[in-house]
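Each of the two complexes below includes subunit A, the first together with subunit B, the second together with subunit C.
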Partner chain A sequence: MKLYDYILSPSCYKIRLMASLLGVPLTLRPVDFHPGEEHLTPEFLALNPAGTLPILADGGLLLTETSAMLVHLATSAGPDWLARHDPQAAASEQQWLSFAHRLTASLGGARLCDMFQRPGDLASLQRQGIMALRELEVRLFEQRLRQQAFLASDRPTIADIACFPHVVLAPDGGISLDPYPSIRLWQRSIRGLPGFIEMPGIYRRHELSEEPDPDAANETAEQV
Partner chain B sequence: MIGPMMDAWYPVALESRLGTNGRSTRLMDTPLHVARLNGGAIEIRTEDGRALPVRLRYGHVWTSLGAPTTDLFDIPEADQPGRRLVEVGVVRVRCSPLRAVENFLDIAHFPFVHTDILGAEPHTEVEKYEVEIREKEDEVWATQVKFYQPQAAKSASTGITTDYMYRVPAPTCSVLYKTCPARPGEWDVITLFVQPLAEDLCDVWPWMALFDDESPMTDLIHFQQMIFLQDRSILENQIPRLLPLDPGMEIPTRADLTSVAYRRWLKRHNYTYGAQLVAQ
Partner chain C sequence: MLSADLPPMTVVPALMPQGPFALWRSESGILSLQADRCPHRGMRLSHGFVRGEALSCIYHGWRYAQNGRCLKIPAHPRLEPPEAIRVETYAVTESGGLIWGCLETPAGAPPNFDGFAPLRMMSVKVSPQMIATSDEVDRRADGALAIELAGQHCLFLARAQPDGSTLLFCLIEEAAAPEARIAVSRALELFRCRLEADDLQKEAL
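Right, the complex of A and B next:
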């Protein structure tokens, strides 16, 4: 599988992370997104008229939406990552998979605007991002009351991977994660998964180097 | 207060990315517009219409708010045949422009911030090196800096001990020279050009002049962006946000000597935009 990739893009990282968690090798084709805007050249617009990254090519399949890429990776290499075991979980998975696009638009947009000077209304993107984070916090809190550490189920699914990168990188767009304890626990569980890989700003869990956290005792009970 | 930093040169755009819409930006709280005229020439004006000087050098558009007494500093390597000139692109950082430069000068952070790339534990020791303020050039220089690095450059496949030299030719610009894996005997040039927007906000424009005939340009850009983003998270969390310029506040270690010299040089010139002056 060939991934048209930008190393600093949370959306591209979603696919690198999923592939790594599944042990699927990817061939990376780095794209000069910033400052070169190579993704907007005619060659790239022919591949993806939306002018976005990543793009995943696998045989005759050409995907430009990360949710479709996650489904494709999990279906072919890790069906456990799909919540197919019960109707509620399956529907929740779709719910949060779609919700991830709001995070991309708001938190991702704020980050591009704030960090790379891409055009946009930073204050409005930040407001929308905070609204989305609050919604995610509520969901994860309620999931914990049901003894479920992840968005759709008691184990991680593609919906968690879809939401994770933009959430962790929210501070790059000037949005603090301090008010969200459930999000903090959730992302720490993901950072400890076997096969987890890093990107700048998103690091593997190092137990000893973590700051002392009043919720730490709860977390041990939730490790996967 | 801007003070004598008024007369220094600053980057305000990447020349190759400056389209016909130009770039509206700021320099030390002064709004300005960098325009690309019909014939292709570049013009810079403040909001109230004052024309500012323009220099095109090292891939960037440079200007000054005041009356520079010297021309833009020279990097002779920029004209050396065979180098790849890498335009890394702008990254905005919520920090003092002086802090951005100071962090760039500090090798001791490599193993902790650029783990397994520019440094790794247990190789955290900084050996003795030389620091001076060169009076004739009026620049800060650190030489004979040595550091063990797991992956010193895109073109390096194994760990090596890397030699560094650091140079500060302008209050918000630094040039570093480091061992060139592809061409022993030459130095790779990595710069940090900082555009101060406010005392606690800057646009950072890294730029490089490297000997590397193998790596695709995109890989060179991404390697440096990845490194600089690691610095960005550190820089945005530094306290106090402004750079303290009271020598009494520092406990110099060997690794800090360059930073101490930089602060002393800033203070001597009254380059204090982005600094916190503590009453003595």
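Right, the complex of A and C next:
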């Protein structure tokens, strides 16, 4: 599978993260989104007329919507990541996949304004972002009361991966995550999953790995 | 901060009236409240991580003990960090499911709210005064605000934030069933909407 990718894009990271959690190798084709705007060149608009990233190519299949990419990855390599075991969880998963687009528009929009100097009404995007975070917080609080650490179920699904990146990077758009304890605990559960990978601004849980041994590091350095 | 929101081996920004502080719980369960600023490069320690009984900064891994003393500088593994490198450390205690911090010498034990247990904390973009003077609440002798939400008796503790907003802690009767907790939590969202809408209206006048 080939991913047209931009390292600083939370949407591209969704797909890299999902693939890593599933153990699916991806061929990355880096795209100069900023400042080059390579995604708007005729070559790219031919692949994706919407001019968005990421783009996922798998044989004859060409996908430009992240929800579809998550479904495709999970269906091919990890059906456990789909909430198909019960009708309520399945519907909830769809609800959060759609909700993720609101996060992209609000939190992602604020981040594009604040960090990439793209045009937009930052104050209005931040207000919408806070509304979305409050909605997420209250639902995650209810999930905790049901002893469920994830959005649609007691185990992680593609819905969690769809919502996770834009939420964690909200501070890049000037939106604080400090007052949301249930969102913090949910993030922590995702960041501790086996196969979790980082992107700039989203780091793993260092306390889960062994402390690096300075002597071992020195030996390696000497060998080099 | 609610005890339930801070499991062992986590650090969070505690939103005090004076600003954010790094609040963390060690692997063995001990709480610490410290300045949210690494003395090395000023990174927020609440972005760091807790391994065992120490807090590490996410930036260069400088590690601090519960008493604030710097234990280790990974870039200089054989150096014993000088005594002078320390983060400010404050009094913190836990009672009735709530964590109480104090930046000065505590005047006494934290208050007790018998029969109530904390449900949620949330930030509200209005002043504590506006919440205390809302028609929906009654101030009790102990300073807590009594309110009925979704047919349940609840208590509010309101703490001012540096930006003029409020951190609101909602307590619910201990015996409340999970369904009642969900109903109160949703009613709390609506209460916040009403307060913030009223506040916008006042501003417009």
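Note that the second predicted complex is superposed on the first by the 207 of 224 C-alpha atoms of A that agree within 3 Å, B and C clash if a C-alpha of one lies under 4 Å from a C-alpha of the other, contacts with A are read in each partner's own complex, and residues count from 1 in each chain.
Quick note on the criterion: contacts are C-beta pairs under 8 Å (C-beta built on N, C-alpha and C of every residue); 3 or more make two chains touch, one makes a residue touch a chain.
On a predicted model such as this, the values are computed, not experimentally measured, just so you know.
When the two structures are aligned on the shared chain, A:134 is found in touch with subunit C, with no touch to subunit B.
In the superposed model, A:119 lies in contact with neither subunit B nor subunit C.
In the superposed model, A:42 lies in contact with neither subunit B nor subunit C.
Looking at the shared chain after the overlay, A:8 reaches subunit B, while subunit C stays out of its contact range.
When the shared chain is aligned, no partner comes close enough to touch A:60: not subunit B, not subunit C.
Touch criterion met: A:184 reaches subunit C, while subunit B stays clear of it.
Legend: residue contacts after superposition of the two complexes on their common chain; A:201 is shown touching subunit B, with no touch to subunit C.
Common to the subunit B-facing and subunit C-facing surfaces of subunit A is no residue whatsoever. Note for the complex: subunit A touches subunit B at residues 6-8, 30-32, 34-36, 38, 114-117, 171-172, 174, 200-201.
Taken in their complex, subunit A has these residues touching subunit C: 134, 137-138, 141-142, 145-146, 178-179, 181-182, 184-185, 188, 203, 205-207, 211-212, 214. Chain contact summary for the complex, subunit C toward subunit A: residues 1-2, 5, 7, 9-10, 12-13, 15, 20, 49-51, 56, 58, 74, 77-78, 120-123, 167, 178, 181-182, 185-186, 189. By the touch criterion stated above, subunit B contacts subunit A in their complex at residues 14, 17, 87-92, 94, 203, 216-219, 221-222, 225-226, 229-230, 232-233, 236.
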